[in-house]
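There are two complexes below, and they share chain A, which is joined by chain B in the first and by chain C in the second.
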Partner chain A sequence: MHSFYNFVSGPLAWIAFLLFIGGSIFRIGRMLVLVAQKEPFIFTYMSWRYSFRSILHWIVPFATVNWRRQPVLTVVTFAFHLCLLAVPVFLLAHAVLWEDSFGIRWWSLPDTLADTLTVIVILGAVFFLVRRITRPEVRFVTSASDYVILAIVSAPFITGFLAYHQWFAYPLMMGLHVLAGDIMLAAIPFTRLSHMIFSPFTRAYMGSEFGKVRHARDW
Partner chain B sequence: MAEPSKQEKTAVVDDGIDVGVSRLTEEKIQSVINSVIDNETGVRLKTYVETCIHCGLCSEACHYYLSHDKDPHYSPVGKVKQTIWEMIRKKGRVSPEFIRQAAIIAHTQCNLCKRCAQYCPFGIDIAYMMSIVRRIIHRLGVTPLYIQDTAHSHSVTMNQMWVKGDEWPDTLQWQEEEAQAEIPDLRIPLEKEGADIMYSVIAPEPKFQAQLLYQAAVIMHVAGVDWTMPASVGWDNSDMAMYTGDNEIMGRIKRAHFETAERLKVKKIVMGECGHAFRSVYDMGNRWLGWSMPPFTIVHAIEFYYDLIKAGRIQIARKFKPPVTLHDPCNVVRGAGLGEKARYVAHALCETVIEMYPNREHNYCCCAGGGVINTGPPFKMARVEGNRVKAEQLFETKTKGAEVLIAPCHNCHSGLEDIVHHYEIGLEIKFFSDIIYEVMEKPA
Partner chain C sequence: MKTIALVALSLIIGTVLAISPVWSQDEMTVVDNTDFPNAQRPPSVFVHDRHNENAGIDDCAVCHHVYDEGQLLEDESSEDQRCVDCHYLERMGDQPGLMEAFHANCKGCHEQEGNGPILCGECHVR
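This part shows the complex of A and B:
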């Protein structure tokens, strides 16, 4: 068991980080090359001001018409995404790892708070799952991969939660938890989780077109 | 995975689609789809398809979806799933029957109004993807008959309505003479080099609505505008080729339009109350020709009237009495931000303006736009039934007292006419120019 943990938190974690960072850089680079090769006009229409105007509206809860139309979803999705980012980065146990491995020190979350945030992520994932199955307009466009990415994202949190509370075999859970984290990290650039990388760009482009050419709000 | 919850079979007969489909082979379909995707699209399509998180949040943006009791087939992302996603996933190996359905979806179930881009958290441009589908349909020769006919007309006559060479100046002369009965020294100046303004219209004006030319001439005359109209091709600013995906013809007719303005050495182009023509001149055609923004200042009628009224160049004798409401055409409001100017004009002309909701850039499209009305009689009910929410929105405004509906866009005008008639809403529909002509001070 110990060697399993060492493997997933050692070499595998390195590979996962490499895939995540390398993959993200590769995909962004590839996108920019494609723009330059096939649609260079996009650069002509990009505007920092209108890009940020649009992004800002969409990353603030209830700042857009559609966020206001879907209050429950808005609360859930913002809570989900915030916790999803905060827990892995700021959890105390992770902060210790950050320091041990990379010598980076930063602020960390108290364990009980992190525990609550983890539960929020898990509940958020359940909400998305139920929404996917029950809402006809979502179900109609759902493919198997949508369930897979939901599983990939929730696995580290479910296993982390179980490990923290030591309800099952702790060492096994811990190993699974790290493995799930590795998988999630590595999957980001190569699955539809890549919306994390690309959504700022698509939003910025639409924001620029709306601001510069259409003189209208895109929120 | 996804089961149809309310499949609706489309039993429409359209000769353009049916005959086109009967000539297709799987090889041809595959080679055309792959050629369009490989050679004519790039990072936008790829990123949109890969980034879409299948959340369905764009659904409620679309009037088709709302009007069909939230049938997911009509949601923006639902339409993409039924067309371009499949084409990409199967690497072009789709059946002629699939292409038939794709033609119907892209041409008659989406107005390319871009409202969904305001509702998708990522700003994914569904309308753009529908235009790619139309481009594929065009290159496969499966475009609906009626709109294909207008594209042919553009190609042959450089105008949308088969207006013949002499018919155009004849119509202008006829309207000039009519107007001279009211204002004896009025002229419609043809080919006046160096005028401030070239006024361009869409071909349905000389063909069916010559009184609009009359009204425009009176407004120009009273306001003392230095204007002109071309006597030969280049006078028509409309563009159905843009909507059939026939970019080459779009380019030809836009070039003719710009070159005519260049030949006449005018300072700017003012265009009539038309939405799609504005989109073509201001946003699409210019890009195809390589101008990031149009080579001329393009002034839509709404902005033109705004300038004239603001500068006091036309005076209002008595304001228009019946309460009006204002339809924001997507192509000039979501497409060019003219919402506030339209309101200024409406308030200047009319005693009471009652807002419809939603409005401005969030207004529901008329469902005629994006070339949908130009697919003609076979699909008339598709767009009338596809816009029940518009009827509800108008009805609600009527109960607040509105009697007249101002629609400063030709397509909106005709499309709303059908909706008002079908749902028996009882609103009179007018252009701004109808009202200006009625309420302005004219020489006695």
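This part shows the complex of A and C:
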């Protein structure tokens, strides 16, 4: 009766976590090796001070010129990314699984709040989809993989939302939800979702160049 | 006269039959979750007698267990107590908290037996 759910939440979940953690370590290690081989001079101008100045500057909504130039995109992207991280990490149902499986106690959000944040993620994904299709400058740099990763990211939230409300074939929806989560976790290191692990490095790199080499602000 | 008596008798019997479920002890259909100050989910569906009949559980202590110093006391049961009397809202050392205890008792057994609901919404039905 639960064989599909047991498979996706058992062996497949282990594989997904292994790919996510192992893949992330591999990608960071590979990046460092490549830098050492091809552009070792980067280390001469990488700076902790300008790195963190830039990360801090860009992590605050509307703090940079580019955030202010695109106010709607700024609001949506901050809301989307915050909710995207907060919901799976602090969902009560996920905390219960951590507790039941490993005895790990974890903080959790009230279910109704998590439900609202989930809707924000789904609406954010719709916004990004529409933006990709309608904005010529975005469309120009869009490839099929961008739509695929948008689907990979929104699938766990759509299935999770439907499962939470128990609206359609509930046990099947739960299985699909876990499967979608497995796929997303495993995809992070190997697709452009890897900006999750690389964005601090790219920001630090640009911040260092603007600060220490060009002696300029980082907008 | 005989007809009136028959009508009266059937009325009395009908009334008694109609209200008798009110007199009988309420059958347990959900797990009482009133001890949770801020319950996030609907109470678990649990029809006590039907569950135990289906699962073939005769021994009350299978669920209504008694532990002393971390040791299960055989031949003792605790159906005269409330779960929350031992399982407080927060875990106390090795003693599971109330929610953890419910999940371990119900879902743990279902997983072990490979039978019965294990998904959140299969018990916490909306």
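In this section, the second predicted complex is superposed on the first by the 215 of 219 C-alpha atoms of A that agree within 3 Å, B and C clash if a C-alpha of one lies under 4 Å from a C-alpha of the other, contacts with A are read in each partner's own complex, and residues count from 1 in each chain.
Criterion: a residue touches a chain if its C-beta (ideal position, glycine included) is under 8 Å from a C-beta of that chain, and two chains touch if they have at least 3 such contacts.
As the structure is a prediction and not an experimental result, all values here were calculated from the model.
After overlaying the two complexes on the shared chain, residue contacts for A:F198 are found with chain B alone; chain C is out of touch.
Once the two complexes are laid over each other on the shared chain, residue contacts for A:P171 go to chain C alone; chain B is not touched.
Of the two partner chains, neither chain B nor chain C is touched by A:V72. By the document's definition of touching, of the two partners only chain B reaches A:E39; chain C does not.
When the two structures are aligned on the shared chain, A:E99 is found in touch with chain C, with no touch to chain B. Between chain B and chain C, the partner in contact with more residues of chain A is B. Only residues 2, 5, 92-93, 96, 99-100, 105, 110-111, 163-166, 170-171, 174 of chain A touch chain C when the two sit together in their complex.
Per the touch definition, chain A reaches chain B in the complex via residues 31, 34-35, 37-39, 41-42, 44-45, 54, 58, 65-66, 69-70, 73, 135-144, 146, 192, 194-195, 198-199, 201-203, 205-207, 210, 213-219.
On the side of chain B, the complex with chain A involves touching residues 1-5, 41-44, 46-48, 50-57, 59-61, 65, 70-73, 75, 77-78, 81, 117-119, 121-125, 283, 287, 292-293, 333-337, 339, 361-362. By the touch rule above, chain C contacts chain A in their complex via residues 38, 40-41, 91, 99-100, 103-104, 107-108, 118-122, 125-126.
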